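There are two complexes below, and they share chain A, which is joined by chain B in the first and by chain C in the second.
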Partner chain A sequence: MSESANAIQFFTGFRFSDLGFLAEAAGNTLLISVISISIGSVLGCLFGWALHVSVLARYLLGSVLDIFRSVPLIIQLLLFFNFFPILGLPLEPFAAGCIVLIFYTSALVAQVARGGIEAVPDSMRRASRSLGMSYLQDMRYVVWPIGARAMLPAWTGVALGVLKDSALVSVLGYLELLRASQILITRTQEPFIILAIVGAFYFALSYPIGKLSARLEQRWQYD
Partner chain B sequence: MIELNSVNKSFGDLQVLKGIDLSVAKGEVLSVIGASGSGKSTMLYCINALEQIQGGSISVDGLDVHAKSTDINKLRQNIGMVFQQWNSFPHLTVLDNVALAPKIVLKKSADEARSIAEKQLQHVGLGDKLDTYPTRMSGGQQQRLAIARALAMEPGYMLFDEVTSALDPELVGEVLDTLRLLREDGMTMIVVTHEINFARDVSDRIAFFHQGVIEELAPAKELVNNPQRQRTQQFLSKVL
Partner chain C sequence: MDYTFHWRPVIKALPDLFSAALVTLEAAVLSMLLGIIFGLALAMMRLYGNRPLSLFATVWIELARNTPALLQLFFFGFGLGAFGWHLTPFTIVLCGLAFNNAGYLAENFRGGFQAIPAPQYKAARCLGMSATQTYIRIIIPQVFRLVYYPMTNQMVWAVLMSSLGMLVGFRELSGETQFLASNTFRLFEFFLVAAVFYYLLVKLILFAAHILSRRLFTY
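Let's look at the complex of A and B:
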């Protein structure tokens, strides 16, 4: 077969409009990731604080979070998605994916946040309390800014991981990048070009997170 | 006036303060000396309620420190404390380290807080460091920053817990000089210290702690030059 024959087959297989289809799917990946990372991070900080202050929370909440961290995400997604219809409460793939990803993220962030809080020495917290700051003022003006700086690199790792792991929500039928690529590959039989485009989309989504984190880290230097 | 009446303090089974009676009058400087582990720091923490007590009572200006009805954050505004570790807030400039509490605790405006902070920093000799970050400064400078930060709340009392113990020897002098300055200003202070000569020269009285009790309490020169108790003599002969 000549090269030109290949090229013809290529152009008939992958149409320009397919790019729009992938872009839309990338939008869905972005949506579910932004929701999961933002809500999951806030929850994770609360959980991390609970782990820090309470022995009971370390045992109870700690064990639950360990489950989220250790059971493979794909199994969590399938279990959760198939469990709710049994209760008579069918969930959309999007909602089920969000919920599982939120808890998964929060479990990862909780440990990071606890580490951030504990990066602030007790003696410094006594110093701020001795100035008359309330517990919450100490948390807000001393522990948070110092802890956030300490946890930034680890948090960035979690956020990038969740963005990529959101591909697993495809098993529920949610049309995000990976699922869209599978559909296109089946139709066009052009896996190479499609996976390359999808990879580029993932890179375009990840890049700003890493960039933002690096920028913050630089701005937050202590001198 | 700071008054302690038969104060008992335990950590679990370990009784750290055993019936401490002490009163410090307005304008007085009291130094506290004694071996490590004798309960000196714990007593300071009890005075501003960073630690709870199990028996007795402590009052500051007549206010019961450990009463449930006492507004602890309000009380602490009146009692400045400086620690062995200087605990500078690393994310804030020198100026903001000092201005933070006046702003958020005393609700001063940004301008007011700034001028309070500038004044206190000038007082401790850091007037040229306002926009520096504390991690760039020496231990002695950071300890003076900690003093300025406490003074910015305009407290009636200052507690010092071995503020020179973590410093390189050549930096001890500048911090002790700052304490002398405060003494001249008439500040009421309790100073836990290992600097016996400083304690003798600067304080009115010295309390010698031994295993959770005040073994001897006397005018500063008397206690150092002519200690009455055998344990005081032993301690002084070891550290002098």
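Let's look at the complex of A and C:
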């Protein structure tokens, strides 16, 4: 008994300071998600517009974007991460994760944005054009306000999905929430409590956004 | 670029990958069936249940929708291990995916139930059907029709999510690919072929769903 007490301790229990480590990792999760969601959404809106206006884009761009939606994200990440060393340009896990997540987001948002544009009745757009608005004005003052409302719920779904899917970047070695939990589990050997805490972190990130969007959606319905 | 592609190991492993793709499909279909059963139960609990039941359903749904699927898999894999429950990789993936599918499907079903006009229910009861009969014969078939498209989507998601099984040691398409890739060091080639397999699998499911919908919803 005394022998084991003197032995080197391989595992140490969960400490209060570990919460700081997890919070930092949550910051990393938030960072990579915010970057990929914001850039991906802008790109996705452009793609969505292209899908709406051009038949050629619908075939070419549409089928490329379809690949991002039909292949698991984890395979995309591993493929991309292993592809750059082939070109002789090894990529950081963060950069590789960001790029894949941006394209993944844009593929999902493109579909949503196209739906948003198509939600604006044609008569409305013809009316704005005959009032003398240019195409860009029509887009900015007529299509955007109506389309944005139409696409908000679906867009929030995509954004929350990407926030959760960013957990997969841990496979490449980027230190975000899930990877931090794996490190802590290895050290403390207390998987249940740590996974519960990490789950709570994700919940705290994702749940308020979902609620906020639902509220916004309701407010926008009555004006 | 001083990398030479070697496709021979991949071609030799194609039969293995094919049978692994069937395992993926099997896991996805089973988890979907479980997800539909639990999802229906959760939606009805949330809509018509008493307070504890509705709270239980809400907690399940919100947990499933607001945490990553990978975390849910880890929970069934490692989290339950803390209590001495060691599930096999297949069970882990099945439980994790079923939990996730049920949460998402429950919300779809809830929307479906709310979209069925109340007179349908009353008319069925007036014709002498019991409450159970009304649900099984009148309400639920209509709900399925309403949520058919979201359900197809969820099936695709189930296939894609099953790839997470590779991180808990399940030898489905991704797990098998990773195993073969690390045996032969042809990582890129193997994952590229796996991506093609997934793409074809998803297209196959969408096609099958399309055919099925034309047979089911002809009235």
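Here, the second predicted complex is superposed on the first by the 205 of 223 C-alpha atoms of A that agree within 3 Å, B and C clash if a C-alpha of one lies under 4 Å from a C-alpha of the other, contacts with A are read in each partner's own complex, and residues count from 1 in each chain.
Note that in this section a residue touches a chain if its C-beta (ideal position, glycine included) is under 8 Å from a C-beta of that chain, and two chains touch if they have at least 3 such contacts.
Just so it is clear, the structure is predicted and the values come from calculations on it, not from any experiment.
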Message: Looking at A:Ile185 after the superposition, I want to know if it touches chain B, chain C, both of them or none. Which is it: first, second, both, neither?
response: second
Query: First (chain B), second (chain C), both or neither: which does A:Lys164 touch?
result: second
Task: Considering only the touch criterion stated at the top, classify A:Ile146 as touching first (chain B), second (chain C), both, or neither.
output: first
Chain C versus chain B, contacts on chain A by residue: C
Message: In the overlaid three-chain picture, which partner chain does A:Arg129 touch, first (chain B) or second (chain C), both, or neither?
response: first
- prompt: Which partner does A:Trp220 contact after superposing on A: first (chain B), second (chain C), both, neither?
  reply: first
Task: Have a look at where A:Phe203 lands relative to chain B and chain C in the superposition and call it first, second, both or neither.
output: second
- request: State whether A:Val71 touches chain B only (first), chain C only (second), both chains, or neither.
  value: second
Message: Just checking: does A:Arg58 make contact with chain B only, chain C only, both, or neither of them? Give me first, second, both or neither.
response: neither
Field: Those residues of chain A which chain B touches in one complex and chain C touches in the other
entry: none
Statement: Listed in rising order, the residues of chain C that touch chain A in the complex are 1-3, 62-63, 65-71, 74-75, 78-83, 156, 160-161, 163-164, 166-167, 174, 177, 187-188, 191-192, 194-195, 198-199, 202-203
Contact set on chain A toward chain C in their complex: 67, 70-76, 78-79, 82-83, 85-88, 160, 164-165, 167-168, 170-171, 178, 181, 185, 190-193, 195-196, 198-199, 202-203, 206-207, 210
- request: Using the touch definition up top, name the residues of chain B that touch chain A in the complex.
  value: 45, 48, 50, 73-74, 76-77, 79-81, 83, 85, 87, 89-91, 100-101, 104-106, 132-133, 135-136, 146, 149-150, 153
Task: Please name which positions on chain A make contact with chain B in the complex.
output: 121, 123-124, 126-134, 137, 141-142, 145-146, 149, 220, 222-223
